[in-house]
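Next up is a structure, given as structure tokens.
Naming follows writing order (A, B, C, D, E, F, G, H, I and J), and every chain is counted from residue 1.
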Amino acid sequence: MLFHVEMTVSLPHDLSSDVVAELKATERERAQELQRSGKWRHLWRVAGRYANVSIFDVSGPGELHEVLSTLPLFPFMDVKVAPLCRHPSSIREDDT
Amino acid sequence: MLFHVEMTVSLPHDLSSDVVAELKATERERAQELQRSGKWRHLWRVAGRYANVSIFDVSGPGELHEVLSTLPLFPFMDVKVAPLCRHPSSIREDDT
Amino acid sequence: MLFHVEMTVSLPHDLSSDVVAELKATERERAQELQRSGKWRHLWRVAGRYANVSIFDVSGPGELHEVLSTLPLFPFMDVKVAPLCRHPSSIREDDT
Amino acid sequence: MLFHVEMTVSLPHDLSSDVVAELKATERERAQELQRSGKWRHLWRVAGRYANVSIFDVSGPGELHEVLSTLPLFPFMDVKVAPLCRHPSSIREDDT
Amino acid sequence: MLFHVEMTVSLPHDLSSDVVAELKATERERAQELQRSGKWRHLWRVAGRYANVSIFDVSGPGELHEVLSTLPLFPFMDVKVAPLCRHPSSIREDDT
Amino acid sequence: MLFHVEMTVSLPHDLSSDVVAELKATERERAQELQRSGKWRHLWRVAGRYANVSIFDVSGPGELHEVLSTLPLFPFMDVKVAPLCRHPSSIREDDT
Amino acid sequence: MLFHVEMTVSLPHDLSSDVVAELKATERERAQELQRSGKWRHLWRVAGRYANVSIFDVSGPGELHEVLSTLPLFPFMDVKVAPLCRHPSSIREDDT
Amino acid sequence: MLFHVEMTVSLPHDLSSDVVAELKATERERAQELQRSGKWRHLWRVAGRYANVSIFDVSGPGELHEVLSTLPLFPFMDVKVAPLCRHPSSIREDDT
Amino acid sequence: MLFHVEMTVSLPHDLSSDVVAELKATERERAQELQRSGKWRHLWRVAGRYANVSIFDVSGPGELHEVLSTLPLFPFMDVKVAPLCRHPSSIREDDT
Amino acid sequence: MLFHVEMTVSLPHDLSSDVVAELKATERERAQELQRSGKWRHLWRVAGRYANVSIFDVSGPGELHEVLSTLPLFPFMDVKVAPLCRHPSSIREDDT
């Protein structure tokens, strides 16, 4: 089941650089683990912004929330979610 | 080169059903042709709305405009475009 | 799987009253059928507006779109969708 | 009397983790007490956001304000309220 | 039970002047009847706009919707509703 | 001369509780004094929000600004002002 | 008593050119009459938009509404109003 | 004197194709004449939208309005204007 | 050359009262100097808000930026600028 | 390949003046280096705001992000990006 997610990150400027480095490293590790599991199917950077556009393939809203809310950067994110479904004109079998 | 495109369609209610059927059929045909060519890489329906989220793989903004502005439903669309690039945490080689 | 849906209806003022009456009657019939099937779990009127707040219980985004996009009033609706999941503080077993 | 309430929480990043833990624990306790009393009829998490959608069943705006403004997390919430009433197409007797 | 209501009217420019005159006359009649009954407690014109700010005193959201949705100009209104309650610093007994 | 004013208060979370208590006490005192003078004609709490809707009866914009800008909580308020006038359908002589 | 008014005009494209010419001529006549009377104190065109910024000097919100709502183009205007008062740093005696 | 202008065009769907063709041809002619005169210094299409971003070099707001408001498509445009000036870090002498 | 400027001030609550007093005194001094020079032609307070509406008469966008960006309160302002020109219906020779 | 970029800077008021001076100096140096390389083709100040409008000429979204995200002031910027292409009415060969 696919969900379109747009995450925009705003780090408070008074976080120490150590905390930021740690947050980014664990975020990256978690993101790659989720990609390898197939749950985070696509991940793109939005050019010019500290933001990404992602496609998640999860069992439902519950798992989606579990995945997103445990990301290390979640407390600093503005997140927009939209459920996706097969487009009647799509020819790609795996976009479902 | 990847672009994230969100298209929302608003058909005027006084279009004749023949015109609408013709528009939708040619739109579908054109969308599938563009998918087969690899330029319209992903196409998803946003659940509950007459809208889609798409990923285009084109040679640049010029080709993107050429492709979008010649879609049969273009005059009835609100279109949002964002350029995408490789995310540093992405593990998927083809998301570029 | 639960989705929160807010529908706001705007009927063009130049629709004939016959068409409007027919639309509303078939919409009502369809809404009640979907409620009886358990897919449209809750349906409330927003006081003072031609709008409703609803909770749908469907198998996923695909069925949600199928249900919403075939409502007779769909072409005249602005629809907002948000996926819901169990709240960690909820005590109600059926709100899932 | 039913009210639709959407609460979005933003915790300042410089609250100590002890304060946050205490706030969340008392919030949870209070939320469950209000659910048991029947005043907080439904409570769902919005997937991907630190937010909930709720239905309150109270004696009027005065009690609604009393309940919401005494929640431990109230100072950190953005709250949207909409009064609800029976929908003419609803078949569910208890959605009133 | 008090509700704050802001109504903004947009009449389509192609309504005939007869229809408009009839709508306005019946709207006025209905508004005055509701004021005499005590349900439409205050009614002010917002200076410079075809809009009003009103305070309704009704038995709940159901009666509020019944009153608003049967106004002759309702199909041409954008309506915003907010439930009101006694302010802790108010000294006026009847503002409840 | 009537003005519709909506005030929304946001207290910074790092104000000491003493400062907050003092601010609220003096705000309340000042609000009641202004109500007794007739200048703050109505004052309602918006249910579920730290906000009020008010009607001021002052000699003009100058006095309105003098009154609002000297409220103890003014530095923490977002204020919206709209001038009101008699509605042609109003039957209440004192709503002017 | 001064009010800041911004008017944006949107003429429906299917008004006949005769009607438009008549509307603009009477609007112009009325605007100049109001300027001569001193009630419409300043009138500027916003460069690049069919809009103006104006300062009105009237006896109160009632007269402001009377003046604005009887302008020939009023039905086609979006109007924003803000009451003005003397700025403490102003050195100009007539800006009051 | 430079101004940044963004124009978004919305053609009503019921304009005849002859009228549209005529409008576009005269618009193009006028745009090229203004470019040759040096007043319309830059003109870019925004990819994916019926919109442009332009830089005008005119003698002031008066000439800017004269130029924009006489464009054939002006009645169908939403126009945003921002005055520009030399950036302190710019190294390009002609960007002034 | 006229520009319409709206400035809204937000002072951080943790500025010391000395710094605030100093900022306001130098702002006032600078504002009066600019008014005496004729560059800040009009200055009004927006009733109920820490904001002003102003008309500047400067040689172009460059001077406008120079004037605004050197105001002592500039770092705490949200500024909106619109270029103005003579309105065809204006009868006032100096509104140019 | 051209991109239109609008950057708005918000410096936290509690940054030390040394840090700010350093940030601005390195930003200026980097901006001039990018202009000399031809990648930052145009750079204008938006009059009255701590913001710029820029045109970048880069090899694609990837290089655009690389350039923008490494600017010293990037963490304090709100950035809007729009891909540009040749306008069919443009007569300027280098606006591509």
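Operating definition for what follows: a contact is a pair of C-beta atoms (placed from the backbone, for glycine too) under 8 Å apart; a residue touches a chain by one contact, two chains touch by 3 or more.
Everything numeric here is computed off the predicted structure, so don't read it as measured data.
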| item | value |
| --- | --- |
| Chain pair, F-G or C-D, that carries the greater number of C-beta contacts | C-D |
| From chain E, the most remote chain by mean C-alpha position | J |
| Chain B and chain E, separation of their C-alpha mean positions in angstrom | 43 |
| Rounded Å distance, chain E centre to chain F centre (Cα mean) | 22 |
| Residues within chain D bordering two or more other chains | 2-3, 14, 45, 47-48, 61-62, 64-65, 81-86 |
| Touching chain combinations (by label order) | A-B, A-C, A-D, A-J, B-C, B-H, B-J, C-D, C-E, D-E, D-F, E-F, E-G, F-G, F-I, G-H, G-I, H-I, H-J, I-J |
| Footprint of chain F on chain D - complex, ascending | 3, 5, 12, 14-15, 61-62, 64-65, 68-69, 75-76, 79, 81 |
| Interface residues, chain B side, partner chain A - complex | 2, 4, 27-28, 31-32, 35-36, 42-48, 52-53, 82-92, 95 |
| Chain H-touching residues of chain G, taken from the complex the two chains share | 11, 13-14, 45, 47-50 |
| Residues of chain E that touch chain D when the two form their complex | 1-3, 60-62, 64-65, 81-86, 96 |
